[in-house]
Amino acid sequence: MMTSHAPYFIAAWIFLWGLYGIVTSKNLVHQVVCLAILQTSTYVLLLAIGFKVGGTAPVFADIPVGTVVVDPLVQALMLTDVVVEATVMALLLSMVVKANELAGTVDPEELRILTG
Amino acid sequence: MITALIPLPIAIPLIAAAFIALTGNWIGRRACDTLAIATSSTNIVLTILILRGTWLHTQVYWFGNWWPRGDNVVLGISFTIDAIGASLAVLTTVLTTAGLIFAWKIFEDTENHFQPLMLIFMAAMCGFAYTGDLFNLFVFFELMSVSAFALCGLKTLEPAPLQGAFNFAVVNTVGAFMILIGIALLYARTGALNFAQVGRSLGTHPADALVLLSLLFISVGYLAKAAIVPFHFWLADAHAVAPSPVCVLFSGVMVELGIYAVARVYATIFQGALSAHTSQLREIFLVTAAITALVGGFMCYAEHHLKRLLAFSTISHAGLMLAGVALLTPKALAGLFIYVLSHGVIKGGLFLCAGIVLHRLQRIGESHLHGCGRGMWFTAALFILGAWGLAGAAPFGTLLGESMISDAAKTFQQDWVKYIFMFVEIITAAAVLRVTFRIFFGWGKPAPTDESSQVEELPETKKQQAGETPAVMFVPAAVLILLGVCITAIPQLRSVAQANADSFLNQTAYAREVLNNAQLPAPTLQPSEAITSSIVRSSIAGLMALLLALGTVFRDRLGAILNFTRGLERGNAAVRKLHSGHPGDYVAWLTFGTALLGGMFVWWLR
Amino acid sequence: MTLLQWTILLLVAVVAPGVVLSRDPKEQVVTLSFYGLLCGLMFFIFQAPDVALSQITIGAVMLPLMIMLALTKMRRQNIRRKREAKR
Amino acid sequence: MSSRSRVVLFLVSAAGLAAIFAWGFRDLPPMGDYRGPYGYALTQVAVYERHATDVVNAINYDYRGFDTLEEEFILFASVMGVLLIFRPAKGGKGDDDEKKKRQTQIDDDLPISDSLRVSMQGMAGIMIVFGVYIAAHGQLTPGGGFQGGVILASVPLVVYLSGNWRAFEQIISNPLVKIAECGGAAGYAVIGISALFFGAHFLTNIVPLGVTGDPFSAGTIALISLSVGAEVTGGFVLLMHVYLQEIIEERLGKKS
């Protein structure tokens, strides 16, 4: 069981490291990057779920229909996921840059404006 | 006829958003406003037509004509619309229109990016309420989130809005990835994404660890959106800094959609698999709901930043709504959605009133504004009406919802839920009344200052030009609050809600409608029960709220017996300190909550 | 699964904490770009060429680039702030 | 919370979460043996029904095209949000800032050799061809509107690295960029709506499907792929514009 499930545990491992990075971060840019790492855990999980031993890519340009291929649907989900990642990160980064312009710091410890 | 309209509430605002974004600088601000308001008004009409078409039976719409194949394999994406989802879409469009009209006079420097984002936000929330596909729900969730993050950080002249938006974005994005993990797990098990197909595939086999884990992640993700303790921290930050018309949407419908998603996913997917553990699940979620209601209520009374106060009242009401789901019975669910609709318009109206205060008086902290609002009688009247609505008293629609949920709780020997409702109603209504008495009447001594009221919000408008509230601000606020009353005038409201809640919780019927294109017979409407006892109880709650507010304001004159209000108003220092504005803290709490909820699942549902 | 597949999975599992633990954002741009490339490779090896292509363009190029641009912009803001403080 | 108590809280909960992961993941099917009905059905029917050889793109732009429509608007909303956050401040204060910007120039010129410059410009040409190829052949081979769009969006960047700042400035501030972004996004929704006029449901593939393997096959898949390509190109160029505008203005001001 261990080897056949190892990729799933790698996904969980990356997920927890991403959370750790966000929690301990002392720089908002670093925090955004950790969020991106957190997201890659979902890629690994989806990839591992849809994989088939001996399967090829689901592109029938050179291979006949009916060949064993890996699950195409998880790949479609991952594509959406990649786009979502890029856009959310772009938005978050712009918030960090603007906050730095206005407050002069990107350390969440120093940036505590909203409390209580 | 209705079928052709179904994609339009999503497609039309998206096209309009792209058009406004492209031509905004040429056609000018007013044309953009007009176009945006016209689009959202069109959407009101469309969503109401769809609501009429789905009043007593579900409509299924397959995008790209991809009907399910042979032995129930779904190839495309479906919208599966019942009256509950459709009415949430109506709420969304009404609140968006009110927000857009309110924004007519404010935001002079947003370069016409505000209106497209509002339209996208609206389209996303409509789609979220309509969809019948697990992954599509996630994509709408992300679309909703991204436009919400951008709208939240709108006021870029000071760092606070950016920090609020950042905290909001980090917590919600982590939640979104959890949802995605949950979806991946379900896909691994069932190889399907449509609610109906996933649900049928899981069937009634007792849930194993994988199913419980996916339930855990999906519900944590959506509960983070719904601001359930301990995932609620972002909400106060985001509401304190977001512009008032945006807060209307955040509090009025976005948070509620989080609750709706949990209910929908549970009802269509997990219900059969967890049928043996319903009572344990009920207890877990009821306790979570009660904690949320209590924390939100106490924090609400301890706040002196007007918007933050309203934000915590939303958290506390989100707790009540979760209680409506947690009972896992049609009656509570019917009550919940009546409650969501009436709370949405009332809270939206109150946030618009807060926007009026900010416009007229240029500040938002209760302690700075003591007596400044004398003469704004109409706004004061709206605040008092809104407080009465929050108290769940007649003639507001909140009364109907509350009484149905409390009745349902009684049948499960969970009578204490009633007292949680009473507590939340009293304390949130009293907080709003207290603010009204101090700001508009100038009664008693000025409010004490606290940490959060130090953060003053930059006004959304330049110095007031005239000494009157413009009609474009006052009318939407008044209309929203009055809609909270009008909702009770819908004929057979409770019976229809009950019939819809019955089919909402009927997993097999749902699957047959979606997968086998079955036409179920229209339900027979049951007459609804009398609510005399609830009227009495809620009137008592309203009166007690009034007394509490008066007691707080005049405590120095009335003697030592009222000193407890000082403590209430100061709040618990330790709990306040937890709301630290640090995204790392919030994510640590999110992890904590997930682990705790997961632990309870392992312990009781295994 | 083949040895190649195991190797790339383990590499990803080792580099991810590395990116998290490189605390200096400038350093992180490099490690993140490397990590993005590894992920792209992983997608190729696991027969997902579509995702691999977008991951390499996004994860290995666009995202690190945006972070670099953001860091540049922030550095300029900080220098400007210091000059104003001196004045 | 102090940073220590935060880490302690996190580590305790993360340990719990790890245990829950381990407990739940045991029940996943072993890797490499996936048998879900949805993906399998699609691999069987997609090529016949859509005349598209790349099943992933057939899913993204047809079977689940509605997801992709929202996904494009996620990108659109996020670009809109970035523009909103970096909008120039209006009023007197903003004008002062503009002046200050001019005064505080920072030297960070890249030393660029002529050979690099020429090769960069050559590369830009190759990338345009490559990007358009990828975007136009989404239904046949891996790639598609999104990937092609990102490649096209990095063309101005190569121009920037070649040191031709004026050309770069002209590219990124061209109104065509915004037209591509908004037009591409709206175009997708319009393609979807146009199916309604033929009595079909939203996003139905109503264009003739053509011959499998042909560049203009697969009906709306190719059209959608192109409009996504336009939107993604425009969106990412706008993002770059936001970050590089200030630097470019200074450089051009200094040179002239």
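Chains here go by letter, A, B, C and D, matching the order in which they are written, and residues are numbered from 1 within each.
Assume contacts are C-beta pairs under 8 Å (C-beta built on N, C-alpha and C of every residue); 3 or more make two chains touch, one makes a residue touch a chain.
None of these values were measured; they are calculated from a predicted model.
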*When the contacting C-beta pairs are counted for A-B and for B-D, which pair yields the higher total?*
B-D
*State, to the nearest whole Å, the distance from the C-alpha centre of chain A to the C-alpha centre of chain B.*
28
*Taking each chain's centre as the mean position of its Cα atoms, how many Å separate chain B from chain D?*
32
*Rounded Å distance, chain B centre to chain C centre (Cα mean)*: 36
*Whole-Å gap separating chain A and chain D, where each centre is the average of the chain's CA atoms*: 16
*For chain C, which residues are shared contacts with two or more other chains?*
1, 48-51, 54, 58, 62, 66, 70, 73
*Taking each residue of chain A in turn, which ones touch at least two of the other chains?*
6-7, 15, 19-20, 23-24, 49, 51, 53, 57-59, 69-70, 73-75, 79-80, 83-84, 86-88, 90-91, 94-98, 109
_Which positions in chain B are in touch with at least two other chains?_
135, 139, 142, 146, 149-150, 153, 156-157, 162, 187-188, 193, 577, 580, 582, 584, 587-588, 591
*asked:* Is the chain-to-chain touch network here best called a line, a ring, a star, complete, or other?
replied: other
*Can you check the complex and tell me which residues of chain A touch chain D?*
1, 4-9, 12, 15-16, 19-20, 23-24, 48-53, 57-61, 65-66, 69-76, 79-80, 83-84, 86-88, 90-91, 94-95, 97-98, 109
*Given the complex with chain D, which residues does chain B contribute to the contact?*
4, 6-8, 11, 14-15, 17-19, 21-22, 61-66, 69, 73-77, 108-111, 113-114, 116-117, 120, 123-124, 127, 135-136, 139-140, 142-143, 146-147, 149-151, 153-154, 156-157, 162, 185, 187-193, 208-214, 216, 577-578, 580, 582, 584-585, 587-589, 591-592, 594-596, 598-599, 602
_Touching residues (chain side chain A, partner chain B) in the complex_ = 15, 19, 22-25, 28, 31, 35, 38-39, 41-42, 45-46, 49, 73-74, 77, 80-81, 84, 87-88, 91-92, 95-96, 98-99, 102-103, 108-109, 111-116
*So in the complex, which bits of chain C are touching chain A?*
1, 9-10, 12-13, 16-17, 19-21, 23, 25, 28, 32, 35, 39, 42-43, 46-51, 54-55, 58-59, 62-63, 66-67, 70-71, 73-74, 77-78, 81
_So in the complex, the part of chain C that touches chain D is made up of which residues?_
1, 48-54, 57-58, 61-62, 65-66, 69-70, 72-73, 76, 79-80, 83-84
